Structures are given as structure tokens and as C-alpha cells.
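Chain IDs A, B, C and D follow the sequence of writing; residue 1 opens each chain.
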Amino acid sequence: MSFSYGKNIRLSIFGQSHSPAIGVTIYGPPAGFPIDFDALQAFMQRRMPGQGAHTTKRKEADIPEVLSGLVDGVTCGSPLTAVIRNTDVRSSDYQQLWDVPRPSHADYTSYIKYGAARDVRGGGSFSGRMTAALCVAGGICLQLLQREGIKITAGIVQIGGVTEEAPFPAYPSKKMLAAIEEARQDGDSLGGVIETTATGVPAGIGSPMFGGVENRLSTAIFGIPAVKGIEFGNGFAAADIRGSDNNDAFYVDGDAIKTKTNNHGGILGGITSGMPIVFRVAFKPTPSISKEQQSVSLLQQKDVPLVITGRHDPCIVPRAVPCVEAAAAVAIYDAVLEPKSQI
Amino acid sequence: MSFSYGKNIRLSIFGQSHSPAIGVTIYGPPAGFPIDFDALQAFMQRRMPGQGAHTTKRKEADIPEVLSGLVDGVTCGSPLTAVIRNTDVRSSDYQQLWDVPRPSHADYTSYIKYGAARDVRGGGSFSGRMTAALCVAGGICLQLLQREGIKITAGIVQIGGVTEEAPFPAYPSKKMLAAIEEARQDGDSLGGVIETTATGVPAGIGSPMFGGVENRLSTAIFGIPAVKGIEFGNGFAAADIRGSDNNDAFYVDGDAIKTKTNNHGGILGGITSGMPIVFRVAFKPTPSISKEQQSVSLLQQKDVPLVITGRHDPCIVPRAVPCVEAAAAVAIYDAVLEPKSQI
Amino acid sequence: MSFSYGKNIRLSIFGQSHSPAIGVTIYGPPAGFPIDFDALQAFMQRRMPGQGAHTTKRKEADIPEVLSGLVDGVTCGSPLTAVIRNTDVRSSDYQQLWDVPRPSHADYTSYIKYGAARDVRGGGSFSGRMTAALCVAGGICLQLLQREGIKITAGIVQIGGVTEEAPFPAYPSKKMLAAIEEARQDGDSLGGVIETTATGVPAGIGSPMFGGVENRLSTAIFGIPAVKGIEFGNGFAAADIRGSDNNDAFYVDGDAIKTKTNNHGGILGGITSGMPIVFRVAFKPTPSISKEQQSVSLLQQKDVPLVITGRHDPCIVPRAVPCVEAAAAVAIYDAVLEPKSQI
Amino acid sequence: MSFSYGKNIRLSIFGQSHSPAIGVTIYGPPAGFPIDFDALQAFMQRRMPGQGAHTTKRKEADIPEVLSGLVDGVTCGSPLTAVIRNTDVRSSDYQQLWDVPRPSHADYTSYIKYGAARDVRGGGSFSGRMTAALCVAGGICLQLLQREGIKITAGIVQIGGVTEEAPFPAYPSKKMLAAIEEARQDGDSLGGVIETTATGVPAGIGSPMFGGVENRLSTAIFGIPAVKGIEFGNGFAAADIRGSDNNDAFYVDGDAIKTKTNNHGGILGGITSGMPIVFRVAFKPTPSISKEQQSVSLLQQKDVPLVITGRHDPCIVPRAVPCVEAAAAVAIYDAVLEPKSQI
């Protein structure tokens, strides 16, 4: 587990922020599928900073190099490995990071788990950089799902105190951008909420108990750094209302059976109902802020103040939108591939 | 997956609501542990209806029969299987259930997945009855965790519109009971929110990305019927505030490193920080209500009204408290057993 | 792992020789399959002593009780659990067994692994008794395979120094029985070799490298106590001959592609070729013999002589024939269920 | 599964013979271990052709590039990925290979499994080339095992009709080389047998039934192309003798308990006894031979003769010696890392 996800299709991620490369191997892509690399590149681009904003400061997306799994751009059934080179691998001074853990980062917990040998440079394997590898795998799964008529789209519900109405925008609205800019100027940061919808998923996908679609999506989604909550359909709001308001009435619509409302978020008993899968994900504010914070020296075992230098993204929510789509795509495609009898 | 959970200790659940028995096999309990069956029975009792209320109508808990894994009440290293006989296995008339799916139950989705052969009696394997098997495994894990100095307790934050203040009660308060009673009289039902705290978990447990403690707890918790959301620490509320408010400052406390606040809920980068693990779980209102509802006939493929007869629990949240503790105990013990190097 | 096998269908075994019961849960049987319990019982009967011999001393097979997974004898998609009660669970004197490990049994190694708490009674979970649970699962998989046109049969190639010619008999020949009887009278025991053939397996089943049919069959077969070797097709004999003699020429036979010889045993690159799967399994002689042997006292850490009392099967090979078929059935059915794309 | 192996340490292999690169990711290497790259390179060198022979025609081993998992040559706890570039990736004419499967190769079975999109160039993922990736992972595990005092060495027992006496040579003897040379001149090939011994493995490693060390080693070893059999300790020879000859008497040797003979090959009930683990592996003759063979045209569905051109290794057994050590190292290290209680 840990860096791997899935049973019927399986992605295995590797790399650190400052290792020579990060990458992913996808085990189980069906043979004979022509990958659309332009579409993949466009999807990767959405993860880069400065997208959707009226700005000239855009950064081109990482270009993955495929090492295996293809013959002339078509999957051949072998594991597909793609790597992305890390450009910033200077052996600069990481002494402070090594000694003084940043609050609400994994610096301290990784130290306890792996000891002094852990890679602290840029957060090591805990870096948001790892989601680039997730997006390669997810971007390919999105194409595979598209062939099955399944579409996954995410939008931003909330950033800090600013909320939007449905349909939620894929890029932050002006109000949201303003809030982010304000936080940046204060040396501070913001979190937010992303809602994801998957349409076209046939009924009958998923399994009872621990193999439910909710369980699988959660496992995938909590693999994205900074995620602190997930809810399906009505989610926490269902706790506020009565069964008669929360239950979704069935009705016949032509050949299909549908529900009049979708408070269940497309999943009942862990199994898809054929209605859209809908879930929301909460992101905490970026823990890297410019303001002075209180921390400790691990070497001297004493309290010390910490000022994090360098540029930091004051809100990762906009860039997390494709990451959530990617994680959802992997989880849903894995469930779709599962033999019906499997429990 | 599906009916199984865990890697270092593994529980495998089986049974249906009306099969001869339900049960669980626990793979990997350490040898030489004397199980306290009185404590286990008391724990199982908390799952029964009517607990904590001023009522004479109490039902004794199911008593599990251990088929294997013990010698004179002490674990021997072999898989431990416990079964609970189902007393209500009459072949009564389930024709309606078979044909007309109850809204927001798994009747329809299980039909699509397993076809006409599925067991509809009492919900089959989707019944809340299955949590009795989970509680056997969880109750034993709670005892194993206790030996490691780890304690898990859950309390009720909210039932319907009624909320309580921390420390959250293990049994519903009078206000909560009144709300449940009111819903019952209306032929309706309520959901709620449960908060769980695990103390004594050492720092350094869990793994990055998909192997994080959040991922593992989610997978276990969504195995409980009616769960629709989970959040850790500040959870969704973290989306509302700034990083400077959400970050948890480190400080030295004697030999230990702690955080002044616990907005991270004891988990950073998927790995425990040594602070209490805190998470909240949202339960939807019981989908079985007495009010007439809209559904469909699967055989005739047409809309039909549905009235669910029989007695139903208008709020399963009180009985879910030990179930959440059980699922958390299995997930946390599984993580605790994991070798440090494992990723 | 350990007591569990399989990915697409999964059996999980539990129990000890002298625990209240042994049993098995099968996860993933397709819904809607009517199990033929008479056929299952007849299959179980083949595992009992005294079969096929001209003897009046027959013992009726254990009758499994199905606790879950069925509705009116038909699989419903839920996990199928079957238990067999152990009749001999007296708390007799096992002090000697506890202290003095029997040579070539698991008494010593289980002591090192599980410590003093291990169950030594009758060999605990290392007992040949556990294969009864394997045969329940395997017997059901044989029926499921039969529906797919796949048949698995095993025969005895060799017992001690006595070999037979193909087609190998399912029950020991007179010569073999005589050799067994001779060993019994000498207070000694014999091993042997079993050959298994699976016909009707379509080409294209299995996966490369560690997911090959040879890997999977080995994992399942070494789960049977006393197995010490396995070979596919020509096996070890292939080491003696040249490629031109060992290679299997392809030819067209109507719509099918076949090979003129089957030295590859139906598996190339881990994937089935459509030719019969053929493999041989070596069993060591039963380690329980009446002759005095040299062992040690674990408590006193000194050499002591050991005389094993009671009746023992001087050759388990005849009873192992259905066990090998059962293990093969589970492994092959698991591979058959695997989605094609899966690697 | 398939391209992945292990539970406590896990290797995931990728690549094809003619893809840009092959490689392996090792999940779970303990942090803080300095890899000896000179030793790794020397180990890799043993897999190259022409080793140990009195020849000037040596080829330098592939040099793996480590993409992740290290900081200054020391493991940091993150997954370790190493890739080896393929130099021969010309898009030469593979039309014949694509249409006419080579006897006893995976050309035909991979076609049935993956269809026309499969990679036939050089055997794709079924190529012996993939064992270079296995050797990277195994070479690192050998170093990790060495730290635990565990040593694994393999030797050649037999090549074609030529056998050697123990201690078996790591490189083919003159007699063996002569037999190989004779087969080469005849346009033919030879197989053989390799024996492996692991010393220093503590007692108590491994698990019952399907989790035994024999099961795990088999799964790993059958991942090497051309393996058709495996036996532990006395193996198939145990079928010939009586229990009194095959049983291994225990005795006390200082603080240790040992057995006077080692017919059990260091494993009893799936668990190590502390005696050396000993097993033998049978390799079939290289299926690529120069002699004309009978095959079929998949496109025209008719019999056609086949002449395989190019240079082929007439016996891969010498080069397989480090591969067997590598597979054994991964399997044994995975078992060593397993928590004691785990079953």
C-alpha cells in the first residue's frame, strides 16, 4: 500500500521532491489503447500554477517520459511507467528543515518514522510534487473512462470564506482570487472545498462493506496532501435532516431506474446506483506561511521560532482540482474493472 | 477486500441478516493474549438497543461462539473465528422486498450487482446486523490496544438538529432522546455525528500517501452502513480559516514534542504525531421509515408506492458509537503492528 | 496471506485440529450458482481414510455446515462460510508434544514463531485436518469450473519405490497398498508423487512473472502439508534434454492452435496455452512413525528419545489426491476469473 | 501481483525488452541503509554473458540509474526506483515474430491474452531481459540480508546431461561449458538445475499454509523465465524413501537446536527451522534454437516452418544463477521483515 493504489488497475508512485525524478507505474492498463498525449499534457497543465488567472506568469507543465508499456503510443498490456525529471535538485542548505519541523507539515512525523535519514529536501515524498505522478496515472484513467462513457469533473466550492454557487468553477472565481491574493499579502494561506461529480458510471459497481466505492474513493483522495475530510452526497448535512427528507425516491425513467433526488451521492451500500457520484473534499490551508511560527529544534530539544523563507503557494486548492479528478479517476476505473462476482 | 480489512491484522467478516450465522475471522492476533470475554460482552452490549436510556426494555447482546484461535481462552496465533447465530431466520414473505427496493437502502444496487439470487431477507449482507461481527473483532482489538496504552472512545456530537458540547456523551442525552422519540412518533428517522478520539497512539505510525492513517481509518469507517462523511481534526472547518490559525505550533513538553493545538487531529502526512487522533463521522438518517415512500417495481418496471412495515430503529447513531470505536480499533491496531520501515 | 489464498475468488481458512471447529470462508463466489451438496459430500469422502481399498473400515466424511452465502442452496453473492465440527477435542495430556517436538513436524518451528501459547494439540493449525476446509472450498470451485468446461483430475504416480504407468490411478494400486502395509508393519511411513491434469482451461489465462499460473498453483499446492516439490510439464526432466526435444511444435487443428507435445505442461510465460495443464507434486513420507526417534526437550534443552504413540496414517498420499485437486481448483478458478487486462 | 512481489518489502518491475528502459521500484527498504553500488554492480555483472569462462568476449553489466529513494547513496525510506536503459530499441522488422510464435516461448500465449497490441519485440515483458530489474532489487536485498547475517548462494548442479558434485560451482565447469558449446554447434540448447542455500536465516520465519517460506520462494522463483520445477530439501527424492530415513532428528548444540540431517531443507510447516534453506530449481532448455521448427501463422491460421535467426544463448543456466539468488533474496527478506504475530 502506501505509494500504491488499486487492485484491478494499480498505480505505484515513486520519487521525492528533489530526487532525480518522480514517476508512476500503472499496472493493468488494457492492451490496445492509444493514449492521447496532447490531452494528457493539457490535463497536466491544469495542475500548474497561474492557470485560469489573468496573468502572464504561466509555467509549462512537466512532460512525462514513458519508459515502458507502449508500442507506437498504444498500450501493449505491459506496465506503463512514466517519469518526470525534477529540475531543482540542488544540494542547497536544508539544515534548518532537517532540524526544525514546519508546523502542520510532515517534517516531524516523517522524522519519527524514518529517522535522520529521511529526505527533507522540499518535503521529500510528502511533497505536493508527488501529485504530478498521480495526475499522469489519473489522466490516463480519465481517457480510459471516457471510452466507457464516464466523465469526471471537479469544481471549487469554497476558498477560505468565499463560496460559489453550483455549477462550481474549475478555476477560482475573481472573488476567490482576491481572497487568495489578500492572504498572500498577509503572509498567510487559505484552504477550501472541492466538489467532484462522476457521470455515466453504470449501476452495480463497487462492493459491500470495506470494498465500497466510498471506501475506495476515500483511500485514493486522502492520498492527496492537505485533504482533511470527505463527504458523499448530502454528507454531514444529512445529519441535520430527517429520513423522509434525505431518502431518495426511486422512479422509472424509460428503461432506467433513477432517483428523484441524489442525496445518496450515487452510492448505496457501497455500490453505485447509476446516479452521478458526488463527493466533496476539504483541504486545509497551505501550512507553509511567511509569518513567524513556533516550532522546536529536534537536535536541541527546545522551542525555537521558525520563519519559512522562499515563495509558497498561498492556496493549493486551484491546483488540487485536477488532482482530485485524477484520484477519483483511478479509484472509479479500478472499481469499474472489477469482475461483477467479486466481493 | 470488501468483507476483509487490514494487512498486519486482518478481519474477514461473513454472514447475512437471515443466514444461519454471522461471524468474523481475525487473522494475525498475537499469540499468548488472554481475551477478557466479560469485557468483550460488555462492549457488545453497548451495540444493543435501549442502552443508556431509562428504560426496562433492554435486549441482551449476542454472545459470540469462538470456533478457533484459542487454547483455554488465550490466543494461540491461529486465526480466531467467532460466530453469532441469527435467531430470526424464518422464511417469511420477502416478495415485496425482493421486488420493490427501499429508498436509500442497498436493495436496488445489490440487485444490479448480484441479480435475482441476492439475499434480500433483512438486507442480507448489507444489514446493520453485520456490525455485530465488526464489534467482536473491534472489541478484541480494543483490548490489544489497551495493552499498548492506547484508548479509543467515541461520543455523540449531534443527532438531527440537537448538538452537544464536548466532552461528547457515549449515550444520547435527554434532548437527543427526545428528538429521536419525536421522529419515531412521526414515522420518521434521524442521523447524526459521532466524534472519536484515540489517545496514547505513539508518533510515527502510518505511511505516506495511500497508506496514511486517514486513508486506513476512512476505509474501515465507511464499512459501517449509513456513514456518508468523515473528517479529521478541524476537517471541513479548516477550509474556513487561514493557515496561521489552522497550523499547530510545536513545543517541547519534557521529553515529548507536542502541539499547542490539535487542528491536525493527530495525523500529519498520513503519520501520527503523538497527539490524540480525532475524527468525526456523519451518519445519514435511518432509511427505513414508516411514512409512505415512492419506489419502483423491478419486475414490472413501473413506479409504485412503498410502505415499510415492522419496527425500525428511528436513529442508529447511539448504537453506532461502539461500531465506530470497533472500526477505529481495527484500523489503528493494524497500523500499530506495521513494521516501521514499511511504506 | 497465510491462511488465505486468491485474489478474484478468495478462500480464508481457520481452525485447529482440536479447536471446536475448522472452516473456510469463500469470498467472491458468483451469485446464482446452485451448489451440488451430494457431489461435494462425495468429493469430501475421497479425503477419508480407507477409500478405494478392499476394506470394511471406512469412515464417513465430515459434513460441512454452511453458515452464510446461500439462499435455498444457491449462492447469493455473499461470502460463503462452511464449518466442520471437530469431534476429538478432549483436553488429554499434550505435555509431551508441548515439550518434545516430533522430527519433521511443525512442532518446533511453531514454538519458535508463536511461543508457548501455540496450540500443539494434534498439530494445531499445521494439522492435515485443515485440508478438510481446503476440500470444501476446492470442491465448490471444481463445480464452478465444471460449468466452464474445465475438469481437474489427479492420480498417484508413485508411492515409496512403487510407480505406476499413466493413466495414473486415483486410488493406490494393489502394489502401492502392499508397500504402504509393509511400511505400517515396520512402524514406518512412505511418501509419493501425484500428477494433476486440468483440461478445458482456455488459452490466455494467467499473467507474466509473479502472476503466472505456475506461481499461483505453487502457492496453493505448498499450502498442503508434506508437499516438498512441484514441477510443470517435463519439469526436472527438461534439464536433461535438448531444446529441440523439449520444444513443443505448434500446429493448426481445425479452429484451434495446439502443440504436438505438451512438455510445457500447458503454460508458457505464465499464461495458459490451451493445452492441458499438467503438474506433479512430491510428498514426503508421513513424519509420524512408530519407531523411536531422536529429539530434544525444549524445557530442559537436552536430547531425549521420542516414541510417538497412537495410530498414524503410514502414507497420506492416497488421501492427498482430492486435496491436490482442491488446491488446483481454487488456483485455476481464481486465474480464470481474472480480467484479461489485469497484469 | 504479476509484476509485483512481496508484502513487507515489495518490488514492482516494469519494462519490455525493447521499450526505452526497464526498471524496478522497491517499496519498503528500511531508511538509513548505505547501498554498496560497487557490490551491486559486481552482482549485476554475474548476470552478463561470458562470465567465469576463459574468454575475452565479456560484456559490461547494465548500470542502473537510481531515480528515487536515496539521499547521498543512503536509503531515505521512500520507494527506490532504478532504471536501466535499453540500448537496442530499433524498430526493426518484427513481422515474422508477430505472426509466427516461437515454440515454447510466450509469443502465442501473450497474443491470446493481450491481442495484436502486445509487444513482440525481443519477447516484450516476457524477455529474460526483465531479470536485470529483478537482479537490481535482489542485489539490494542481498546486502540488507547480509546485515542480518543471512547469506544466499547458488550453484549449478546440472547442465543437460552433465552433473557436478557439491559444492556446486557458481560458474559452469569445463565439462558443462563443453556440453553447452556442443549444443551451440548443433544449433540446439540445454537446460539445467540450480541449487540454492540460504544460511543464517533465524528459526521462526514464515507462516502456515499459503504463507509458508516454500510458497513464497516458489512464487518468486517461478517469476524467472524458463523455470519449470522447484523442490525443497530432499524434494522429489523424499518420495522414494521411508519416513525413518527422511525425518531429521533434533539435537541440542550449545544454545541452539539443530537437526542431524537437513532433508527438510530448513523449512517445517512453512516456517524456518534455523537450518539452511536449501532448494533446487529446474530450468528448461532455451526455447530459441537455430534448428528449423514447426509453428503456425496466426494470421493465416496454417502450419508454417520457422527458422529463428540471430544469436541466442544456448544455455541460460549460468546467467540464471544470480537471478535465482536475487529472487530468493527478495522472498526471504520479505519473510524476515514480517512481524512475528502475522499469520
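Points worth noting:
Simple rule for what comes next: a residue touches a chain if its C-beta (ideal position, glycine included) is under 8 Å from a C-beta of that chain, and two chains touch if they have at least 3 such contacts.
What you see is a predicted model; the values in this text were computed from it and never measured.
Distance between Cα centroids is largest for the pairing of chain C with A. Across C-D and A-D, the chain pair carrying more C-beta contacts is C-D.
Each chain gets a centre from the mean of its Cα atoms; for chain C and chain D, those two points are 26 Å apart. With centres defined as mean CA coordinates, chain D is found 45 Å away from chain B.
If you average the CA atoms of chain A and of chain D, the two centres end up 38 Å from each other. Listed for chain A are residues 2-4, 7, 13, 27, 31, 77-79, 110, 113-114, 125, 340, 342-343, each touching two or more other chains. Those residues of chain C lying in contact with chain A across their complex are 7-9, 27-31, 77-79, 337-343. Here chain B touches chain A in the complex through residues 1-5, 7, 13, 101, 103-106, 108-110, 112-113, 125-126, 130, 158-161, 183, 186, 188-193, 203-212, 214-216, 218-220, 222-223, 225, 227-236, 238-252, 255, 257, 259-260, 263-265, 267-274, 282-289, 291, 293-296, 298, 301-303, 340, 342-343, going by the rule given at the top.
Note for the complex: chain A touches chain D at residues 2-4, 10, 12-16, 19-23, 25, 27, 31-32, 65-71, 74-81, 83, 110, 113-119, 121, 124-125.
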